[in-house]
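Scroll down for the structure; my scribbles are underneath it.
Letters A, B, C and D name the chains as they come in the text, with residue numbers starting at 1 for each one.
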Amino acid sequence: MNLSVKIGSLTLKNPVMTASGTFGYGEEYSEFIDLDRLGAIVVKGLSVVPREGNPTPRVVETPSGMLNAIGLQNIGIEAFLRDKLPFLRRFSTPVIANFFGDSVEEYVSAAEQLSGAEGVHALEMNISCPNKQAGWIVFGTDPKAMEQVVRAVRKATTLPLIVKLSPNVTSIGRMAKVAEESGADAVSIMNTITGMVIDVKRRIPVLANCTGGLSGPAIRPIAVRMVWEAYKCISIPIIGMGGIMNAQDALEFLIAGARAVAVGTANFVNPSATVEVIEGIGHYLLDEEIPDINDLIGSLKMVPRMQS
Amino acid sequence: MPRYCNAVVDEHGFVSRHFKLLRLRPLSEMQEPKAGQFYMLQAGATSDPLLKRPFSLFKREDGTLSFLYRIRGKGTQSLARFRQGDSIRVIGPLGNRYPVPQGDFIAVAGGIGIASLLSLLEGYPGRAHLFHGARSAEELVMGEEVKRVAKEVIIATDDGSAGMRGVVTDLLAVRLGMTTEPLLPIYACGPTPMLRELHRVVADKEVRCHVSLEEHMACGVGACLGCVVKTTSGYRRVCKEGPVFDMKELAW
Amino acid sequence: MNLSVKIGSLTLKNPVMTASGTFGYGEEYSEFIDLDRLGAIVVKGLSVVPREGNPTPRVVETPSGMLNAIGLQNIGIEAFLRDKLPFLRRFSTPVIANFFGDSVEEYVSAAEQLSGAEGVHALEMNISCPNKQAGWIVFGTDPKAMEQVVRAVRKATTLPLIVKLSPNVTSIGRMAKVAEESGADAVSIMNTITGMVIDVKRRIPVLANCTGGLSGPAIRPIAVRMVWEAYKCISIPIIGMGGIMNAQDALEFLIAGARAVAVGTANFVNPSATVEVIEGIGHYLLDEEIPDINDLIGSLKMVPRMQS
Amino acid sequence: MPRYCNAVVDEHGFVSRHFKLLRLRPLSEMQEPKAGQFYMLQAGATSDPLLKRPFSLFKREDGTLSFLYRIRGKGTQSLARFRQGDSIRVIGPLGNRYPVPQGDFIAVAGGIGIASLLSLLEGYPGRAHLFHGARSAEELVMGEEVKRVAKEVIIATDDGSAGMRGVVTDLLAVRLGMTTEPLLPIYACGPTPMLRELHRVVADKEVRCHVSLEEHMACGVGACLGCVVKTTSGYRRVCKEGPVFDMKELAW
C-alpha cells in the first residue's frame, strides 16, 4: 500500500502534516507522538523580525470551533534557525516553514533567509496578512496583491513554494488559479475564517483583538467545499485543512481533491490526532482495497440520485 | 510515561451548590504530579464543547486524580454531566510547580483557587498560614480538609457569612503591616482581580510571592500561544512557563 | 421598556423575526407559538414560477450546524397570495416576503406581484441566486450584478426593501454599501455559507445537490463579525442572523449593530426559540437597565485590554 | 395541547447489541399518538449534535412514550448516553398515521422498522401476518411482544441465523404468488432498499400497500422542506404528508 504523495519536488511518506500555528516548532508534541511518523511538520508562522503578538484573551471557544487572535507571535527566523531547527533536524520528517511579512520585501527576505537553511524542506506563505505599504489590504484577498507577492517570493526561493489561501474571499478557485499562475508549487486551503464573539454582559469583544480566526470542525464543510472548488480550477497539489479531527474527516478532503491534509485545532483536543489520522487512512485504504493513496485523491463521484 | 490517556470517573458529586469534586482513575500509569501542576480534561463527548479545560490537581491518592471545580460556563456544565463509569481523556500533568517552601509560608486562596493550593498545603502540613477568601460561606468548600493541613486559617467572605466581611487581600495587608520579622513567602491562587490586588499589596514589600495564573487555554501544552501573560521578559505561556510565576516577573 | 425597532418605514413591535426558509409560511409553527408575538414573519423564498427544488438528501447535519440544499422549492407567488397569505393576515405581525429570481426581470416581476398584495409589509430579496442570463454569476457575490438587480427592484416597489446578503464574499462591508447605494432600505446579514460533506464510504457528496448552505451555531462567529463590519460601512438598518439559538446569541448581533435579528435553524431544534429570544432580550434590558432597545444597538465598546 | 415539551428518562437500556429501548415520561400532557406517528427527540445537550432525530413511537403506556432505536451515527450515539433521570426535549406526535386496517392485514418490517409497526399490531391484536426481516437473529428484537400480538410471524434473516436465509420481500412475493383470494392490505416499514423491493413485488398486483418512509429531517414539522419524497403529484414532505404513503402515489 502506498501512502506517499508529492508536493512539488517534495516527497512525503504520508499525506498528513501539522497545520501552522497549532504545533509550535514541534517540541511540545514530541512528548506525545513520534515526529518521525508525520508526513511533514509545518511550523508556527515566522517573520524576519520577531513579533510579540496580541494581548489576551487570544482564544475563545465557539460552537464546535474556536477563534484565535495570537497575532502571529513568533521568535523570528534567526532564532528559529538557531534554536528550534536543530531539534527538528533530528527527525526524518520534512520541515515546512510557514512565514509571513507585512510588505513584499519582508516576504522576500523571509523566504531568502529560510531557503538557505539546512533542514527547511519547503516554504508555506501565509498571505492572510495586511500589506502595510498598500493601505493594509490583505494580500490573500486581493488577486493583484497576491500575484505580486507570490511572484516576488517565487524568484527568491528554489524550495517548493506553498501558498496558503485565505477563505475570506468570493472565489477560492480564482485565488488558487492566481497562486498557480504566479509560480506556486502548491496551495494550502484553508486558513481560518474571520469571526467574532461578544461578551454581552460587558458589551465588548471577548478577544482583545476584537476579531479572530475561526478553526475547528465548525468550518470543515466550508473547507471541503473550497478544496473541491479549487481542485476543479488548478493542477498543482492542494493541501487541505480546516476542522480535521480524525481519519474520516481527512478522507473527505483527499476525496475532494487534496493531495495532502493538515491537522490543526485537533492537536489541542487530542495530541495524537495526527498519528491517528495516518493510521485511519491506512485502514481505510486496506478496507477499500485501494493500493495507492494517489488513486483516492479527487475521486469524488457525482451520481444522479434516485428519488427516494 | 504517557501524559495523554483515558481515565474512568470513579466518583463525581457536588460539594456545594456550584462546586463539584471529580475523582478519575487513569487507565495508564501517568507521571507523578507536583503541587501547582494541572491537567487538561475532556469536557464533552462531541465537538461542542470542543477544547479540553484546565484544572489544577486537587488531590492524588491510590492512583486516582481528584479535581475540585466550579461550574461556570459551557465546558464545566458539560463536564458536570459525566457520571461514574464514564471515561474522560486527560492530558497531564502540565506546567511548572510551586517552588518548595522552606519553612512556614502564607497561602492566599480566592474561591476555587484552593483547589490548586491544597496539594501544596498537604505536602507541607502544619506550615501554611492560609488566607482564604470566597463569595460566601457556602463557597468555602473543603473547610475541614483545609483546617487539618494548615497551621492557621483566616477567612474572609464578600457577604460576611463566614470570617470577616471583605476581601482576603485586605486581611493579608493588615497582617503584613503588623509583622516585624522577615515576611514569610506567599503562594497565591485565585481570580485575576484578587491577584492584581495582591500585587499591589506586596509591591513595596520584601517578600517572595508566587502566584498561579489563569488564562484561556486551547492546547495546554505550549503549542498554540493562546495563554500568554506579559512578564518583564515578554510574553510567557501560562501553560508551559507557568501557571506559577514569581510576582516580580509579571509586567502588571 | 421599548422593544420596538424600525426597518425603513416598517415598525416592528420587537426585533425578532423568523429567517426565511426555516418557518415555512407560518402555519406549521403556529401550532407551537403565538405568531402575534413575533416582530415579523419572513416566509420561505418565493418566485414567480413555482419551483420543485432538489432531489434528496437535501439536509445533512454538520458539527454544530447543518447544510441544506432545498433548491428553493416553493409554491410560487400566485399560490402564496391565494393559499397562504390569508392565514398570515389573521395576525398582527408584519409579513416580509422573501423572494428571488434567476434574472433581473424575474426579480422585478416577483417584486411587483408581491407589492400589490394586502398583508405583505416588506420585501426581502434573496440575491444568493445565479443569474441565468449572465453566465450564472451569483447576483449576491458580484457588486455590479447586485447593483443592477437591486436598482431594478427598487424601482418596482414602494415597500421597504431588504437585501439579503451572501456571506460568500471578500468584503461584506462593500456589498452592504452597494446595496445601500442601490436603494435598499435595509440589509439582512447573512445567508448561508456554501459547504459540502462527503460520504467517504461511497465517495459521493452526501447532498444530492453536492453543495449546500451551512447554517446554525457553527457560523455564528462569522455572522456576528459580518454584521459588525457592515455596521461600520452603512447607515441603513441591518437584520442580523446566523446561528442564533437563544437571547444571548441575539444580543451579540444587536450589540454588534443589528437593528433586528432573525432566528432560523434554531426553530428546528426548538419550536419556541423565537419567543424565548424575545423574552430573553426583555429580561436582559431589565437587568441592564436599558429602557430602549435602540440604545443597545451597535453599543459594542472597544476597550484596550489590561495585560493579565 | 403542547406538542413540544420536556420529558424525563424513565428507563433506557440495550435490548440487543445495537438496539436500545428508551422510555420517556413527558412532563406535560401531550396529544394522543396514533399508530405510525413519530416524535423528534433531542439527541444531545449542546449544539453537537444539533438537530433532533425522528423516531417512531414504539409503545405508549401509563403516560410514558417508548422508542426502540438502533445506534447508527452521531445522533443515536449521543442519544444512547442519556440516562435515567435526565431530561429530553420532545416534539410530537408528528406526521400522519397508518390507515385503520379493515380485517386482517400483512405487515412487513425490515430491521428497526418493527418499531413503527408494533403499535399498529398492538392496536389490532391477532390480525397481522407479520413478515419480519433482519440482518441476524440478534436483531430480531422484541420477538416475544411481536408474537403475542401478531397472528403469524414469518422470519427471514440475511445470515440465516433465524427463519429463512434471505430477504423478507422474497418470502412475501412467494406468499402473494400462492394466494388466490383477494390480497390482504400491506403495511410496511423498513430501510428504503427493502421498500423499493416491495414496490417491485406489488407493482403488478391488486393490493393496497402503505409504507412508512425515512428521510433526513431537520424540523420534523413541515417547515424546512428537507424531507421530501417524489410522488405522482410532486414532492411531498415525509414529516407532514407522511411518513405513511400509499405505495401507488410514490414516483419510484
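Simple rule for what comes next: contacts are C-beta pairs under 8 Å (C-beta built on N, C-alpha and C of every residue); 3 or more make two chains touch, one makes a residue touch a chain.
Note that the structure is predicted; figures quoted are calculated from it, not measured.
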Study note, to complete from the structure: Per mean C-alpha coordinates, the chain lying farthest from chain D is B
Review point. With chain centres defined as C-alpha means, what is the inter-centre distance between chain B and chain C in Å?
Key: 46
Check your understanding: Per the centroid of Cα atoms for each chain, what is the distance between chain A and chain B, given in Å?
Key -> 36
Check your understanding: In whole angstrom, how far does the Cα centroid of chain A sit from the Cα centroid of chain C?
Key -> 33
Practice item. Let me have the rounded angstrom distance from the C-alpha centre of chain B over to the C-alpha centre of chain D, please. Key: 52
**Study point:** Multi-chain contact sites of chain B, meaning residues that touch two or more partners
**Key:** 46-49, 74, 215, 229-230
Practice item. Scan chain C for residues touching two or more other chains and write them down. Key: 55-57, 63-65, 216-218, 307-308
Exercise for review: Between the chains shown, work out who touches whom and classify the graph as line, ring, star, complete or other.
Suggested key: complete
Practice item. Sort out for me which residues of chain A touch chain B in the complex. Key: 21-24, 27-29, 31-32, 44, 52-53, 55-61, 63-66, 68, 70, 73, 216-218, 245, 265, 267-272
Exercise for review: Going by the contact rule at the top, pick out the chain B residues touching chain A in the complex.
Suggested key: 2-4, 42, 46-52, 74-75, 89, 91, 215-230, 234-235, 240
Practice item. Could you pull out which chain C residues touch chain B in their complex? Key: 63-64, 217, 307-308
Check your understanding: chain C touches which residues of chain B in the complex?
Key -> 46-48, 192, 213, 215, 229-230, 251-252
Check your understanding: Touching chain C in the complex: which residues of chain A?
Key -> 55-57, 62-65, 67, 141, 168-171, 193-198, 200, 202-205, 208, 210-211, 214, 216-222, 224-225, 228, 243, 248, 251-252, 255-256, 284, 299-303, 305, 307-308
